[in-house]
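These notes are about the structure you will find just below.
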Amino acid sequence: MTTAKTKTRLNIGHEPKAFEKKNVWNVEEITALLDEENGTLDPRIYSDQDLYELEQERVFGRSWIMLGHETHVPKAGDFLTAYMGEDPVILVRQKDRSLKVFLNQCPHRGMRICRTDGGNAKSFTCSYHGWAYDIGGNLVNVPYESEAFCEDFNKAEWGPGQARVETYKGLIFANWDKNAPNLREYLGDATFYMDHMLDRTEAGTEVISGMQKWVIPCNWKFAAEQFCSDMYHAGTVSHLSGIEAGLPEGMELSDAKIPTVGYQFRAKWGGHGTGFYVGEPGMLVAIMGPKIAKYWTEGEAAARAERRLGSAERARQLMVQHMTVFPTCSFLPGINTVRTWQPRGPNETEIWAFTVVDADAPDEIKEEYRRQTLRTFSAGGVFEQDDGENWVEIQAVLRGHQARKRRLNIQMGKGRSAADNPHYPGSIGYVYNEEAARGLYHQWIRMMTEPDWDTLGPK
Amino acid sequence: MLKEKVGPESSASQISTAALLLQHEVEQFYYKESLLLDRHEFNDWFDLLDKDIRYFMPLRTNRTRRDQKLEYSKDGEYAHFDDDLVMMRGRQRKLMSDVGWSESPASRTRHIIANVIINDASDDQEVHVTSSFILYRNRLERQVDIFAGERMDVLRRSDNKLGFMIAKRTIHIDQSTILSNNLSIFF
Amino acid sequence: MLKEKVGPESSASQISTAALLLQHEVEQFYYKESLLLDRHEFNDWFDLLDKDIRYFMPLRTNRTRRDQKLEYSKDGEYAHFDDDLVMMRGRQRKLMSDVGWSESPASRTRHIIANVIINDASDDQEVHVTSSFILYRNRLERQVDIFAGERMDVLRRSDNKLGFMIAKRTIHIDQSTILSNNLSIFF
Amino acid sequence: MLKEKVGPESSASQISTAALLLQHEVEQFYYKESLLLDRHEFNDWFDLLDKDIRYFMPLRTNRTRRDQKLEYSKDGEYAHFDDDLVMMRGRQRKLMSDVGWSESPASRTRHIIANVIINDASDDQEVHVTSSFILYRNRLERQVDIFAGERMDVLRRSDNKLGFMIAKRTIHIDQSTILSNNLSIFF
Amino acid sequence: MTTAKTKTRLNIGHEPKAFEKKNVWNVEEITALLDEENGTLDPRIYSDQDLYELEQERVFGRSWIMLGHETHVPKAGDFLTAYMGEDPVILVRQKDRSLKVFLNQCPHRGMRICRTDGGNAKSFTCSYHGWAYDIGGNLVNVPYESEAFCEDFNKAEWGPGQARVETYKGLIFANWDKNAPNLREYLGDATFYMDHMLDRTEAGTEVISGMQKWVIPCNWKFAAEQFCSDMYHAGTVSHLSGIEAGLPEGMELSDAKIPTVGYQFRAKWGGHGTGFYVGEPGMLVAIMGPKIAKYWTEGEAAARAERRLGSAERARQLMVQHMTVFPTCSFLPGINTVRTWQPRGPNETEIWAFTVVDADAPDEIKEEYRRQTLRTFSAGGVFEQDDGENWVEIQAVLRGHQARKRRLNIQMGKGRSAADNPHYPGSIGYVYNEEAARGLYHQWIRMMTEPDWDTLGPK
Amino acid sequence: MTTAKTKTRLNIGHEPKAFEKKNVWNVEEITALLDEENGTLDPRIYSDQDLYELEQERVFGRSWIMLGHETHVPKAGDFLTAYMGEDPVILVRQKDRSLKVFLNQCPHRGMRICRTDGGNAKSFTCSYHGWAYDIGGNLVNVPYESEAFCEDFNKAEWGPGQARVETYKGLIFANWDKNAPNLREYLGDATFYMDHMLDRTEAGTEVISGMQKWVIPCNWKFAAEQFCSDMYHAGTVSHLSGIEAGLPEGMELSDAKIPTVGYQFRAKWGGHGTGFYVGEPGMLVAIMGPKIAKYWTEGEAAARAERRLGSAERARQLMVQHMTVFPTCSFLPGINTVRTWQPRGPNETEIWAFTVVDADAPDEIKEEYRRQTLRTFSAGGVFEQDDGENWVEIQAVLRGHQARKRRLNIQMGKGRSAADNPHYPGSIGYVYNEEAARGLYHQWIRMMTEPDWDTLGPK
């Protein structure tokens, strides 16, 4: 499917050999966007249309993208429509309980095969000319096939493009690239931190039914970086009013203590990152209320989590954790909101968010998770509202020429993280830090410039 | 036709006049309630929420005609809002805060309340009302959001200045993907 | 002023009360009619169309002030809609069909009916009404269309639940080029 | 509840009926006024402006919550409109001119007047009214502008066909930057 | 008027020599978009901004573009404003009954000369500085010409650009290119099929007054291709509910029989195409109702058509015909809707539609045509609604990178058409077919790559 | 802050050496946009996205941009947010009465520092992570600086970019370029004409409080050119209805006489231009009413102006003056509206307008200025309405390919202006003229192509 356009452009300058899209930015230019040594970042990484288009091929065409939770599609034929970058896909539960993900584009003349958000299907029929696909994405019927088609037409060749599908403890990921490492290898040392949310009980997690979607006119990387690395905004001024909204009546904002103890993790490979406070559950109470704080830190559920995670600190003390699995899967263990940042152009992102709960949690806790994540982390959430305000304005400012040419500061904690913490894998530093952000952009640059998994992949 | 239905002695007339007055009261309540929001008199607006208020906006999904009944998320499923009074009071504190960035500078909103239908006024104290709305929002330099939808309220008689408290508000928003960067305003 | 016009004994008052009641009836009819459409209760909506219904939306063109009178296309010229009951019944069948792609998934519509003016109620059975509308439409993931315009209706008294049938509806849409991929909804 | 408040003998009822009638008169005035503009019957509209008319639309600025009171520009500061009758008559001449390019071809407007609240009718001759509006404008091939805001009017009793003249109109527009290439239409 | 920019770009690589716009896509790349041999098409043909801009010069700047019908402008001074590609033009009836088409742009500082949709004019005066043009587009008055202008100012040089105008049996076409073949030559063997609508009576056709305009966020080629080649969508699932809407009360959709007999035509040269059923008037009844079906197939009008067309099959049996005259003039003989697909960017099209009728048809038939085309093929038409749905969704999916790189299937009927039908000129195949679509894209590629009419034109 | 991308692009072809942005248009191509000799202009100057982006660097990054009036920010801490091109800035009055202008972008992660239109501030705190700046734009507080940052972090290096600020008789200008000539030198002989509005009294001018903002979908150069050079549109047909609106009741438009006597000025250097009528106050009466016409031409104020300006003609006879200081500062002496044309993409402009009055004018005159400028030159102004109509339509037409390739006429007064007027400096010609427009585009081209002020600057 390589086109002439591609072919004629391959051997120019410093360009990687195997990418299909022409390269307006060359390797040196892309690499220079992040200067880890001096701690600076070129703002065009957020605003440039050409970089955005390359991303669609190089990042979103080769990374593991989170699409939903296993309990979103429990029964055979249950499906969700979702996106990998800007590409629409259908995620379907098969009769053998496996999952399939295929492009939501009819290979005939390109119609979207399925136009609903989800449901249960026995097959998918294209509304344009009636080509029909089974729930595995195989083309099974072509009207007038014998009367009208030609000899070399072969239905088996004309199913929509299939992606690889793998899951990690309930979360479903897909990847277009057959050479990419498998999901576990890709997640690497990040799974240790994902387990804080996903593996507190042998019952695992389940989803609060539903997917909330909204649109923020900003680059997806602001959101991905923030959930990867930025406890600083929560520990300073962004969410003061969100905290105020959660204070018990009578308590003043000035009485609320913002925690200062905690760690940040930068993945050895892969651009994943997380951070969390240790001790001081006050912030968790302010966000999720006393019931959930208690459930998370005390009682049978916490004891069980401690047994599974192997450490009281990880199970009960570590809290208000933020995390991004590169590139766009973000979640907050403890708060349990999970979301993907769907790119929609350099200046726009859709958020698709849902909430998970321990599958064996009491109904009352599940309900409390539902209402509190709604209240705090959702389009109308008292925390999330202010993130939306900030990201939109950063992006708007980047219309300016001066604004785009002044490199941003990404120095915090530079040179202070180290990979020698006996309790926590990966490179570990202080909770207020931008080391994980540097890790995210480092991985992004490698994916944007390295065509070959031999050099790109984890050792 | 008019003569028949509105003759001064007929009981039909009396009932109808009662209906007119109630319609007027309810509409005026909504109009004044809207002004409180649109003029940023938020404390007064929050005072209209009764102690057992449920402020609820379910998700809305794209379904085939056959599955139309699955369009809205149900109780216990995810939603856009599902607040009780304690939660709403928290929102009020956020809104009035000097550090509530998403509403300082404030959104310029305009609630157009239309198609007011009183479904049930059989209870002396509660009125069940359906209405349609357009909510125009403009913010900062040039942000514009336009929302539309339906509100299904339970209003409860009160001796406050507006005559009613809001006991329950269910909002059906006419969007599947919320076409705004946040929902920091009230419906 | 008020005293003069609404003294309990004056016939003016009686006439006015009659006018209020009629206004109320007509408005409630429109509000409920709108809900039928916006809640996708289409079969009930089609039942409101009287047997001699003309559902008509002329074209609208850009003209100099001098030629303003040529703005709307005339009878016998091209239009956006010009349906009788048989044609409308066909649209109903399409709409309710499992293969009516343009409305499955259904559009989320919101009809805001405003500025209701009763022009002529001299006939016992028919009321001539002008109203203005905003019609918000949202579809699939993110399609949004906003239409505005004027409806000139002839409503006819009926013993159906809503009190009227629609005998004629003329829609003046405030667009020259229709700013949508189709008009698969009703006005 | 209804019985208590609308018993035929109670004076409360009479007052309420008066309020209903006034509400009706004012609303009908607005609806008909809107149609004059939307149907391009401008001469008739200008005839509704009383001789001491002030047609005023202040600027609106983005302020912190703390500075919210500085939101609108004040008397003597810059504004969007601040016209007396002589100035408005000039606008009328421009509008009716054959060389008034900005409105020939004319804008297709739609004034949706909602949330009509009568604040003060204690004076026999003047009524103070607040209302909310959506003003949809469509022009030439595909220009669309949507404005929203609040109108605070002083209406004065008149024996003209619509029953009132406009003695004062203050328009609070829900935009800081006017999102249109001009304001060649009336609010 | 060739600019320096153009000049400095001329001799690069494989570029054609005579085009003015710089070439982001080279000849090989453009040619590879369609692979007729394997029956595949590169979806970027619908979504690429650079291709779109080249199209404006190479396709819309050189093709015959349909603007309306002679009866739209019957009297001297009658005019319509219209478009050729994205260029606005004024079409005016002259005093000598001839037609003029000129650019609706004042050559002074660029103002649109006329801002109305149509009317009757004695002259056109620019609203910016009052330069005045006669109805032929000649600059006739310049305010303060003698006081303010300069010696070498010559009014005769400063009229707006004129296009060539020719008509075919009522339809008005214009072309910017003085070297293009004349209209008859350009239409070639397509006229044979156009006559099915335009030449059934010596009275010719007339228009139902008015032009309906609406906007579809899709590439114009989806629409042009469909009317050129795609009976398949009508014969399968796209319009099932449209047919349902036209069934007599009591008849079920399952009772309606979809025809399977018919032919498709691919023009020998020029990218034009058409298809039609033969026999079986059921579909025509479902679309246009029994009155029109009867008028078309029986009685005096049909007899007269048979005499003029020379064949009972062509006049009475052939029906539900779709047709596109390259690039954007499409119509449905029998249904008699006529339209142009106005490009408005790669992702948007305006439809400008009208209806024609036999000029000597009974008033009742004219009225029935009016109401039935309104009911079926218009923005609110029960058929056209669903085309809008499909095209929009195809286009939206093309935001995806995977979606754009997977070539679409255009194999139907490959190798099965032939130019040896004794009754029908051109390359003829089965009615369910994509041969005419391949013809359309073939012509598009030739126009996009061949700068010279010597090689490009019909032999 | 030069990036790798820039570096690798420097030595290509004819490109200037010192610009940072890559050059899609080369020097010859840009130069050819204006042909002064033949009086033609390439319309792509208004519509091309690449030219627009270059402009942001080369024109708006190096010119003196007007931001407001000194009386907008009278007290220490008073500030306005404004724009220089697309770059947002904060303009603040300092304690020492000086003015500072700095980029409204937090150098940390890029948030807009201040989101209000203006006010009085003691400091500015970023809402994202709380970095705080004093009113001079110095970074004064970084939360957790010692706990979280790194050794080489130095607050002094991380304030937002500062612009140069200078004023001319009340008007505040800023410039990003440290090598640009100072404001007086930049204004050159244009100050002579600016004084007609700004220097009629020793009290100077003051602003009518407030700034009106609106959006016109057109290129900023239409507006800048019109105020620079185009009395022709006012003297012909654009504003006939605006004049009609201002006629005393009873007077007909046909009774109103449009002046024909006056001059136009093209700056020796810098692209500035102005034009005005001499004598005949009728037009001023029609625009501003008799009170202001009288104030301007008669009585004490006019006498004082005559003393200061040194000529009765300049003070009392010269009227309805239009003027642009390159690139985007425009105003109308006599009418006293002042505005900047804020570019927002090639196809969009924001107008930011205010009114000035003689600081010592009677209150009644100030009020009359307020109401009359509102009535005439504002979004709803009876004159300005029609400019909006024209510019929008010109821009819309430029979507067309033919429309973009036909060069516009800019011949008026070609070769007729001369620099030998004893009373007026600069190149002077007849009032209906496009010489000043040619001057504007000439300067624009020089700024777009000359990287070095040694060659670009005034001698």
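As written, the chain order gives the labels A, B, C, D, E and F, with residue 1 at the start of each chain.
Simple rule for what comes next: a contact is a pair of C-beta atoms (placed from the backbone, for glycine too) under 8 Å apart; a residue touches a chain by one contact, two chains touch by 3 or more.
What you see is a predicted model, and the numbers here were worked out from it, not measured in a lab.
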> Along the shortest chain of touching chains, how many steps lie between chain E and chain F?
Replying inline: 1
>> Contact counts by the stated rule: is the higher one at A-C or D-F?
In response: D-F
> Taking each chain's centre as the mean of its CA atoms, how far is chain D from chain E in angstrom?
Replying inline: 46
>> For chain C versus chain D, what separation do you get between their C-alpha means, in angstrom?
In response: 24
> What whole-number Å value describes the gap between the mean CA coordinates of chain A and chain B?
Replying inline: 35
>> Show the residues in chain B shared as contacts by 2 or more other chains, in ascending order.
In response: 17, 19-20, 62-64, 97, 99-101, 103, 105, 112, 114, 134, 140-142, 146, 176-177, 179
> Of all residues in chain F, which are in touch with two or more distinct other chains?
Replying inline: 115-116, 127, 215, 237-238, 386, 389-390, 393, 396
>> Output every touching chain pair, sorted by label.
In response: A-B, A-C, A-E, A-F, B-C, B-D, B-F, C-D, C-E, D-E, D-F, E-F
>> Can you tell me which positions in chain E touch chain C when the two form their complex?
In response: 115-119, 208-218, 237-238, 240-242, 244-247, 249, 253, 350, 354-355, 367, 370-371, 374-375, 378-380, 382, 384-386, 388-393, 396
>> Quick check on the complex: what are the chain D residues that touch chain B?
In response: 1-3, 5-6, 8, 13, 16-17, 19-20, 23, 60, 62-66, 68, 112, 114-117, 130, 132-134, 146, 148-150, 174-177, 179
> Along chain C, where are the residues that touch chain E in the complex?
Replying inline: 57, 59, 61-64, 67, 70, 73-74, 76-83, 86-87, 89-91, 93-94, 97, 99-103, 140-141, 143, 176-184
> In their shared complex, at which residues does chain A touch chain F?
Replying inline: 25-26, 28-29, 31-33, 38-39, 42-43, 46, 222, 232-233, 235-238, 260, 386, 389-390, 393-394, 396-403, 405-416, 430, 432-433
> Which residues of chain E touch chain F in their complex?
Replying inline: 1, 3-5, 8, 20-21, 53, 56-57, 60-61, 84-88, 103-105, 107-112, 115, 125-130, 143-144, 147-153, 158, 161, 176, 344
